[in-house]
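Below is one structure, written out as structure tokens; the observations come after it.
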Amino acid sequence: MAREKRKRQRQSVVPGRSPGTVVVDPEAPKPRIRLMAYGPDALVEEEIDHVADISRFLAQHPVTWVNVDGLGDAQTIQDLGQLFGLHPLALEDVVNVTQRPKVEEYGQQLFIVVRMPIADRSDETEQLSLFLGKDFVLTFQEREGDCLEPVRLRARRGRPRLRNSQSDYLAYALLDAVVDSYFPLLDRDGEQLTALENEILTFAEGSVPSRLHDLKGTLAPRRRLMSSFREMFAELLREDTPLIADATRVYLRDCYDHTLQLIDLLDMYRDTSAGLMDLYLSSLSNRMNEVMKVLTITATIFIPLTFIAGIYGMNFDPDRSPLNMPELGWYWGYPFAMTLMGIVAVVMVFLFRRKGWLGSRGRKPPGKPPPPE
Amino acid sequence: MAREKRKRQRQSVVPGRSPGTVVVDPEAPKPRIRLMAYGPDALVEEEIDHVADISRFLAQHPVTWVNVDGLGDAQTIQDLGQLFGLHPLALEDVVNVTQRPKVEEYGQQLFIVVRMPIADRSDETEQLSLFLGKDFVLTFQEREGDCLEPVRLRARRGRPRLRNSQSDYLAYALLDAVVDSYFPLLDRDGEQLTALENEILTFAEGSVPSRLHDLKGTLAPRRRLMSSFREMFAELLREDTPLIADATRVYLRDCYDHTLQLIDLLDMYRDTSAGLMDLYLSSLSNRMNEVMKVLTITATIFIPLTFIAGIYGMNFDPDRSPLNMPELGWYWGYPFAMTLMGIVAVVMVFLFRRKGWLGSRGRKPPGKPPPPE
Amino acid sequence: MAREKRKRQRQSVVPGRSPGTVVVDPEAPKPRIRLMAYGPDALVEEEIDHVADISRFLAQHPVTWVNVDGLGDAQTIQDLGQLFGLHPLALEDVVNVTQRPKVEEYGQQLFIVVRMPIADRSDETEQLSLFLGKDFVLTFQEREGDCLEPVRLRARRGRPRLRNSQSDYLAYALLDAVVDSYFPLLDRDGEQLTALENEILTFAEGSVPSRLHDLKGTLAPRRRLMSSFREMFAELLREDTPLIADATRVYLRDCYDHTLQLIDLLDMYRDTSAGLMDLYLSSLSNRMNEVMKVLTITATIFIPLTFIAGIYGMNFDPDRSPLNMPELGWYWGYPFAMTLMGIVAVVMVFLFRRKGWLGSRGRKPPGKPPPPE
Amino acid sequence: MAREKRKRQRQSVVPGRSPGTVVVDPEAPKPRIRLMAYGPDALVEEEIDHVADISRFLAQHPVTWVNVDGLGDAQTIQDLGQLFGLHPLALEDVVNVTQRPKVEEYGQQLFIVVRMPIADRSDETEQLSLFLGKDFVLTFQEREGDCLEPVRLRARRGRPRLRNSQSDYLAYALLDAVVDSYFPLLDRDGEQLTALENEILTFAEGSVPSRLHDLKGTLAPRRRLMSSFREMFAELLREDTPLIADATRVYLRDCYDHTLQLIDLLDMYRDTSAGLMDLYLSSLSNRMNEVMKVLTITATIFIPLTFIAGIYGMNFDPDRSPLNMPELGWYWGYPFAMTLMGIVAVVMVFLFRRKGWLGSRGRKPPGKPPPPE
Amino acid sequence: MAREKRKRQRQSVVPGRSPGTVVVDPEAPKPRIRLMAYGPDALVEEEIDHVADISRFLAQHPVTWVNVDGLGDAQTIQDLGQLFGLHPLALEDVVNVTQRPKVEEYGQQLFIVVRMPIADRSDETEQLSLFLGKDFVLTFQEREGDCLEPVRLRARRGRPRLRNSQSDYLAYALLDAVVDSYFPLLDRDGEQLTALENEILTFAEGSVPSRLHDLKGTLAPRRRLMSSFREMFAELLREDTPLIADATRVYLRDCYDHTLQLIDLLDMYRDTSAGLMDLYLSSLSNRMNEVMKVLTITATIFIPLTFIAGIYGMNFDPDRSPLNMPELGWYWGYPFAMTLMGIVAVVMVFLFRRKGWLGSRGRKPPGKPPPPE
């Protein structure tokens, strides 16, 4: 699953195109226009076939919401642009569906772009372009299906706060629905992360790094919490409210100061725990190096010796040929073999000392601190 | 213990819900309302059953503190909202207990959210929502038991500063109690960290990384100290106080400059010590690589030789069959075996040279600097 | 391919040269001046041989675009400088083609420097220097061939927006063409990155780090998305537009707050996932250390034993000499050898215990948490 | 030495204590009050036993410096507070000696907290609390012994600048003495760092990482130097001084621009050298992996073979029992053994190929770039 | 070479010294004063022996440049201070030659400190202190020899821009010469870096990390380029120039937006490539762990077996003693030995399974993702 998604989204900006050109993706779904117009007393919902039909609703109701699902027809989009007096650059951004969330002011209108999650593809988002005018909200979506249904329901059910408000409240309600639709996604991410964490913690059970990880897991959110505290106090001190007397402000400054002290402490802890992880890992490397050296020294000394012993364990028949292991028949044969082995061992030990692996002579890895002066 | 807590807090934001809706967690404890009203001369404390009972205290005392423990009943919360004229969005935040510390102004009221530690669960915090009005403080807690008892005691004992002040001082006293309740928690974290540190330091005793860790442990707090110094001087230079003459400000600028020099030095030290750790670790890796190569070369040369020696040490009976190790009876048998071993050894050495593990020929790891021009 | 490009671009700033000196690179191509002058009704394009010829176009057309390809002739550049009244420092920057993108105001002119990609060398950029005056745009390029052709086409085709505008729109159109020409380059980088990613993911298939990588690949863009959301809401709250009523702003502040909560959550996830990677890697090191120790202990105990067995497997002929392995003929020979081996094994085990590799005694790597008090 | 100091400083903030309470540490030394009062013509120094005695000096001399060594008596401190009109919160900070450097304005007084090094304990600092009033400076130290002696000497010697100035200059002189007392400490840190660096450099001599470390050691201070340059030019451009004419400012902007170019270059170098370290380390890991594989393949193939050879080298007596190694007497015994070894070797090689360790088939570590399209 | 330079520069701030004291380093060279006074028509250059001689030039020429090489005489420096009315703190900074570049305003003078490279010691810089007054520039250098010669040449050659300007232009020219003198140094650093890079790239040829390094080497400068673009557009949008009409500004905002999109993309690429490096390295560690386990399992199983085979390959003479390897003569001897080996092998395999190294049972390293729900 992971691998399939590794196709980077291609940019829809085509260099050299005249700015403000509306060029639609031929594969995009055709637009479907749904209109909802309401005031305190009435609400009409209608599906619109011709853009021109929209204008009569605009005059009749305090708020008109025109929602366009699908960006597959340039003509419709340009007609809407003309009807509502949209700026060509904004229209270009509507069809280039890789915009970042932003807000731009064009004369009497606000142009807002946000991105909303797509129901069944948690990693992808679709662009929602929103035009806010005095008496209308115009939204463009890439495809049908969205997270705005609760807003429609509230309008239909005649919730007074929505029905009595202007178009800006509708715009807010839509933005709110978009932002809130990210919470379930993050819940899902959190669950995945927890699953992975539990798996790794089982693997690392009880080890020093896992205990450090635990401690960090306590300190990091506390640090963020304290940052929020600090901001809160800073805002309280800054805020120009008659509710807080100047004499009390002095005391609040003291609170603020305590928060700074807590943050200082937490920063110190964080530094220390980061340093400890490094220290532990480097000690582990050091330790492994030591283990390796013991293995290497033992093996490298004894392997040649064992080889020599193996030689003289061969069964070549000395009776058949004077060349066949005459040493076996020598008077000094066995002492000769033992001496040979001794020499090999001494040479090896000498070489290791030269490399500084065996203590006193030669290059030595630093480690012990120099004696204090 | 560590693992149990790995359940991420679920978000209580439910997408698509109408803003300002008070939806309580059915498992939350039922609200218990305690009221404390006081002025310079009198203090009454009472447990309130019906929200409507509160209003008569508001008129009689300069400051009324209404504390609600438990958020399990929507009706009570909405009644309180109506009584004190709270904004629905603020009420929604009261019951959604995952808010970050923040302060918001709603008309004549300040709405402050902080989080306080829960006595016996050091990693979790509970939300304290505080409304500050002209003559009242209204607090909501998730459950009974809090760190605000000292404030109550001070009020009961008639401490003049608290009893003579307005509601803003009470709000300050509550916030101060919350902030200060984090100090013991951090003490506990610090102890855990120290325990872990001592354990790791024993493991890493006297090594270069542990000495670097020590030095960093000196430099990092000094760097933070100097940052505070710098801020302090900057504020002294900025502050518009008649206490400091302009002529003296020139001298203070010089102090400030010295602080910048100290910070510069400390930054240099920090960079260097970070670089040294990297350098040490990479040298360790280099060293281990070298150890591995010695082992590999020795083992890889001698293991096949020992195998050959092992072959000719087998006891197959040449008398039973001409196929049974006829080499043992050959005239040139032993020289043949020795030559075979020699060839194997030479081939191995040749392969290692080709890999650049044995010095002169082939790809060599970079290391020695080129001779200076 | 990679290695060839490792020649750092040499700086063209020559210390000690008088500021504002125009010193051309002798190898730079000779300038070729192309002029395009237009208004709503007419457009002329001409190749200019003498700088003096330009002045007559300036008076006749609302907008004159003079484009110079190649910076190989100091005289031409200085003549242009005189004709258009350019500042010597700006001219110096024109020929020193290592400028960063910047804009500088010189009296009645804006001097803008940008860099545009070179068609067939994706890693290099060429400098485009642009002077914007009331009725002219003067551009200098390092060589012929650029990404500005679409702008020329739009002018020739008489696109009204371009033809009716002043020189500032032309400048915009040129800058826009330059910026947009980076999109295909980034597409290519993205493809390379994806290829590399797929390769590494195949190598790391299904492992914990690859799953963490996947999760991070989801969280990082979401974090960036939320930052854009936050900026958008902050701007909406800041913006002084009559379209949004103050009552609605309170609600938008709530939206903003939700965004902050999402960001907080995502920061927590990011911290955790970073910590998990560290934890996993350290556990892996720990694990490898353990594996190494098992190997080392086994090998280091048995290698000397096997060596002793090898000794007594040698075939020295005891009949030929009393020195040849007399042990083989001893009454207690075999028990002696077995005891010798036993002693070696015990000594080894003792040494390993002392090193803390075998459990109870001596320095032990930290790991198990101390029992809770 | 390192370990002893690992006791985290305990916080002296006690949650729930009434703000502005002066609670002294019972182990703190008792206060010793020394007074120095001076003007242009006269200077008196006296040791004060009763706080009330101070007031008569205040009237007589332009500047009075009251220095309190030791914070072990709450009464004395509160008396001083009353005499000088100090704010209770400031007094609380005086006795809670874990404050960060800060400056706070309380009505007609400045309250300044700094920390000064303790002579013989280089890692610890003591708190110096300083109150600056119109005609006095009041300082509190934790214990006797400080770095302020030079200021006293200057006052005694009648240095005109100090003796003619107001209390603000004295406050400056004290702060200056504190800041400057950190320079020798940093010198000592620098020496320790250099000692450690030399040790590690000896260990890493001539290696690639040590050369990179060298280069970084050149680039990092240069980067910091250039940042100072940039700030300097930015300040020159910003500063509203008649000394620099507007025409010259244009030239200075060019200088500023050159600085930005230098910074850009240095940032590029820094990125590259960081990347090179990573690249080197990963190549080292790669290399070690390769070494390990060679060892593993050789050992894993030959160890079983050598074992088989060892089996048939055993001396069980076939004459005593038909079960004792009958293979040794088989006609096809030797070929059988050799074939068995061959099969084992082939199986091993096959397994390694399947794991992708031996080249062509199976999962292969990525490495070679795909052929260009 | 590297090691010699590891002497940290000692700070020249001596704690407790009276501020504004001029204490010269006794080893510093004696001052040599050179004067250059000029106006549009005349230029005189003279070497000055007595500071008093300077005053007559000040009156006669519009600009007088007094350059002091060497700071070894306090009297001369103080005389100059008196003549030009320099602030004592500035003079102190002149002789304490470890200042950072900075600019300070002292009444009618600007005091500027910069650092210039020393010709033959590329890692060190010398301090250039510059006082700019209405009609003079006074510079102090640590020693003779500087990078200011080109400015002198320009003055001597009568370049009109320099000769007609005020002292501020001279100050600019000197600062410009200093900044530009860093370019050759950085060129040299760049060459060293490239040499090192080529060496490491040869070592890492074609590997995944080296390809990632390549890609990063493309992305990082592009990211920096885009930042410059963004700043440029932000400045264009901010700048209050009549050259750009408001209608065009809307279009420029679109350009700016495209730049932000490019930056977003590049940040995503950078994150991904950083993650890929980590992923690759962790996979490498995983791989090495796997290799190590295969080696360890094989070796640890077969080494004891081979040892047993070695035992029964010993040649102790059973005829000499019933204790000498009686097993060799047992009826069930060979089966006994084989069974013993079998048991050892089975026990080993069982232990490895328990450790989770051999698949099914026991603690297993996490790796495979859980099956999707």
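In this document, chain identifiers A, B, C, D and E correspond to the written order of the chains, with residue numbering beginning at 1 in each.
Basically, a contact is a pair of C-beta atoms (placed from the backbone, for glycine too) under 8 Å apart; a residue touches a chain by one contact, two chains touch by 3 or more.
Predicted model, so just to flag it, every value in this text is computed and none were measured.
Listed here as common contacts of subunit B and subunit C: A, D, E. Comparing C-D with the candidates A-B, B-C or B-D, the pair whose contacts agree for more than half of the residue-numbered pairs is B-C. Per-chain CA centroids place subunit A at a distance of 17 Å from subunit C.
Computed centre separation for the pair subunit A/subunit D is 28 angstrom, with centres defined by C-alpha atoms.
In subunit E, the residues touching two or more other chains are 11, 13, 19, 100, 102, 176, 180, 183, 186, 190, 193, 197, 199-201, 203, 208, 210-211, 251, 254, 258, 264-265, 280, 285, 288, 292, 295, 299, 303, 306, 310, 313-315, 325, 365-366. Listed in rising order, the residues of subunit D touching subunit C in the complex are 250-251, 253-254, 257-258, 260-261, 264-265, 313, 363, 365-366, 370.
Note for the complex: subunit B touches subunit A at residues 2-3, 6-8, 10-11, 13-20, 100-103, 105, 108-110, 112-115, 122-123, 125, 132-134, 165-166, 168-169, 172, 175-176, 179-180, 182-183, 185-186, 189-190, 192-193, 196-197, 199-201, 203-204, 206-211, 213, 216-217, 220-221, 224, 277, 280-281, 284-285, 287-288, 291-292, 294-295, 298-299, 302-303, 305-306, 309-310, 312-315, 318, 325, 327-335, 337.
Contact residues of subunit A toward subunit B in the complex are 147, 149-151, 154, 159, 161-162, 173, 176-177, 180-181, 183-184, 186-187, 190-191, 193-194, 197-198, 201, 208, 210-212, 214-215, 218-219, 222, 225-226, 228-229, 231-233, 235-236, 239, 241, 243-245, 247-248, 251-252, 254-255, 258-259, 262, 264-269, 271-273, 275-276, 278-280, 282-283, 285-286, 288-289, 292-293, 295-296, 299-300, 303-304, 306-307, 310-311, 313-317, 320-321, 323-325, 355, 357, 365-369. Contacts from subunit B toward subunit C in the complex involve residues 11, 13, 19, 87, 89, 92, 98-100, 102, 104, 106, 195, 199-200, 202-203, 313.
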